[in-house]
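Here come two complexes built around chain A, the first alongside chain B, the second alongside chain C.
Take a look at the complex of A and B:
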């Protein structure tokens, strides 16, 4: 593979992240960036389905929580190491995504969106009744003592989330710029026409929903070790689902870098608002920004930028 | 555990619960079933109705059902305003499906957070003389806090059915999603028809909210549980058929009541969503819909 700008940037980000863990001592920075990066992975994953094919997933929190509770259950039952937990969470999330993909055979547009919402709430009810992982009351999870080559566990989690973010962006970029991406865009524009032209719509949709499921579930898997106390309210938080939709919508859903821009901007704004004002206001900001962007700039920041450049070139 | 008394009480509780569900689902049946507007924020408007009832009941001691009825016109204008925003932003530009969905999702979120900011996350109650009273007929126990909402909801359903079938505007609402052009030829402006329809839908939420807070204590995020439930009811009822919606609501109410009685209440929320998923997968046109 030719080493182009994108890969150089990825490697640079990872090296910078590693240097950061060796030089910063305030744990607060790692907590904050972890939350922003977690949002970024969720947003990029959501966009692989929502932005590229136009199928809206309202159940992002459900996929996330599948990862969270896979992690809780495996940790409690066998005390498996984190990489194994991540792999299993990815497989289970992928299977769930595959199931959602077959759902698209019968359910188009709005119905698919509602079905994902319903799935998330069914999973939540199951978890609420599953005593082994704490049920509705929640459960405590201990952070492992050893933290590999890092000074403490939060630095390890931060680095892990950074790697995941880069991987998610790379997958999303690959899917959008390859032949697969062209097929997905054809599905978004007109699924019936795409099918008639010989685009293997089902296979493409399955690729897209599975990739989304894997990424969302893996994004959730380290969460129990990050918060050390998990209950359904935090694992299925509405904010997770709303952010997964709002970040791509604000950044621009049509391009792979749209959700990245949206996640970074919204994430930083949210974290700043939570610290300086209040966490409720933080929720309000997301909602208002989402509605404003959908009504005024449906193509997101990237779309606004493209329009602005087109206008400038026309002059 | 299984006794005859338990069985008929479960049925009765289910019928009353279902009657109330109809009040919540009717508004969505109109917007989603007839206007193709996916208002997933509808349950949040219902919760808004609950809090209106709570505030006025607490300050003036007025009966919650009466408050619900009085606030219907105000919610009606709220709904008309909402349609205007929706029309200008989405329908006019032809992006209603996906952007519209995300718009209502965001709206739901904003309303919920505003209510949390105003009232906190505590459960709120209303007070009325009949809450806590129970009607005993043989082995049958009918708590009035369930019976009165069920009766009020049934009356509202009948009123909406009559309006839709007897008046010109009602028929126009039924027609607007089927044949826009024919409607225009009949001398009705589709935009106005839809505006009125969404107004009526949101107006029903005012009463439904007042009924909800009679049945149970309410906090701002309770509405989310109703999303799956009422979408299940509307789809099961055949999308937009008001009487179909009513019977589907009763059905879901009875099934939920059975699950709660014989398996435990913590499983009840999954019923609506489970039935919804099954319906969508097997018979998307609903039980009462035409194939």
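Take a look at the complex of A and C:
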């Protein structure tokens, strides 16, 4: 029953998105929604490892940038079509995620978190010194002339990000509601107990870190065509890493829909502030909201809602 | 003659330079009830960790049902039928009591459980422990004593062939101890071998067919409860010089 509703909603969203590209002609809408959806994919990906499995990743920007620069390099070297670039970025991001998965064998808790941050810094240093993709100075990327069945390339990128969002949410929902999700929750609560109760902890953690890596890297792959000028400052932006953590925390990390709610709310607030005041405010907004939620509602909006319903039912 | 279910040979476990277990051997027959006692810090929990795979021993061999499982991962051992409770409770804190039991049913006992019957079976085990009214409670909110009961219930949910209970009765009232003993006797009657680690002497003495005594990482005595309790070395270990 529930499954049907979910997939109907997914299809409806994709159809609406497509209709939107055929009816709206102000490019601004597509730019804005693209940014919000990119944040959503990152948040959903982060939550698979951070929320379901309990391993905090501070290096989201690193995974994102791996996709960005895979894309830049492949485009420059071979001029490959976008779907191929996405696939390769997904593979490389997945391998990096797999590596992070093996890291969990030795590093837990705060040590794992620091290692992910350090990994992102290493990747950033490599990119800064890799002249072929622009190094520290950055590089221009041309948008392809053809935009398939769309009127312009930004509409195509918008539709692509919408498809990626739906796919990310579907994967995350599958992982959380299946037997895998129960195993991940057991790992998050107590890894030793999980292992002794028959949960293959390493295998499940590898699934979790790989899914995260694939999704984050794919989220970054279209980015060069979206901004058309890429440098390490934009690809490794602090806001990307912070949003990826803040959106799930604000929405709630325990359920698949938590990061979706968080991403939509925080994304809309940030985009509104960018238009009405200045994009400089975005980091401040996320900072303030994050502090508020962590201190007052650590379970996020979903947690607050569940508490409220429990109280209401108790009456 | 009954079959060996567990055979531990010359097991050594070190933590850095400290030898927690020094060439300890023990065995258990199918359907047997073994007591494992010894002063605090003598290595009982470490032995359980090495049997369940939570820790890997440095030397020696662990065999289960005739197969060498030394070095095998804990989840594989759980799937083979070794279940344990934790002396310091390790509940899955984000889950309800019932959900805690579903994890071993769906993972350790997966091949032996009808997927549609997981919740019903979890509920049956809770009823057996007298815990059914707590099924929907969050496990993180339980008292220490209730967490111990949950530990035992969760281990039972793994449908073990060998159950290792690590001080499951600490803090329980006399009548609760009797209830748990009753459950463990019933479980044993269905053919499950049990290793009981317990400080409550009355309980181990009554339950065990055979007792092994550890002291400072070494096996100092082995025999029937009666033999062990009159062993001068055991008295010395417990009462000091």
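We adopt the following convention: the second predicted complex is superposed on the first by the 312 of 315 C-alpha atoms of A that agree within 3 Å, B and C clash if a C-alpha of one lies under 4 Å from a C-alpha of the other, contacts with A are read in each partner's own complex, and residues count from 1 in each chain.
By definition in this document, a contact is a pair of C-beta atoms (placed from the backbone, for glycine too) under 8 Å apart; a residue touches a chain by one contact, two chains touch by 3 or more.
Keep in mind the model is a prediction, meaning the values are calculated, not measured.
If you count the residues of chain A touched by chain B and by chain C, you find the higher number for B. In the superposed pair of complexes, A:269 makes contact with neither chain B nor chain C. Touch criterion met: A:182 reaches chain C, while chain B stays clear of it.
In the superposition on chain A, A:198 contacts chain C only, with no contact to chain B.
When the two complexes are overlaid on their common chain A, residue A:254 makes contact with chain C while staying clear of chain B. Comparing which residues of chain A touch chain B with which touch chain C, the overlap is empty. For chain C in complex with chain A, the touching residues are 52-54, 73-75, 78-79, 83-84, 86, 90-95, 99, 102-104, 106-110, 154, 158. Looking at the complex, you find that chain A touches chain C at residues 179, 182-183, 185-186, 188-190, 192-202, 254. Within the complex, the chain A residues that touch chain B are 54, 56, 58, 103, 106-107, 109-111, 113-115, 117-119, 121-122, 125-126, 128-129, 136, 238, 242, 245-246, 249, 280-281, 283-284, 286-288, 290-291, 294-295, 298. Residue ranges on chain B touching chain A, taken from their complex, read 38, 40, 85, 89-90, 95, 97-99, 101-103, 105-107, 109-110, 112-114, 116-117, 221, 224-225, 227-228, 231-232, 235, 266-267, 269-270, 273-274, 276-277, 280-281, 284.
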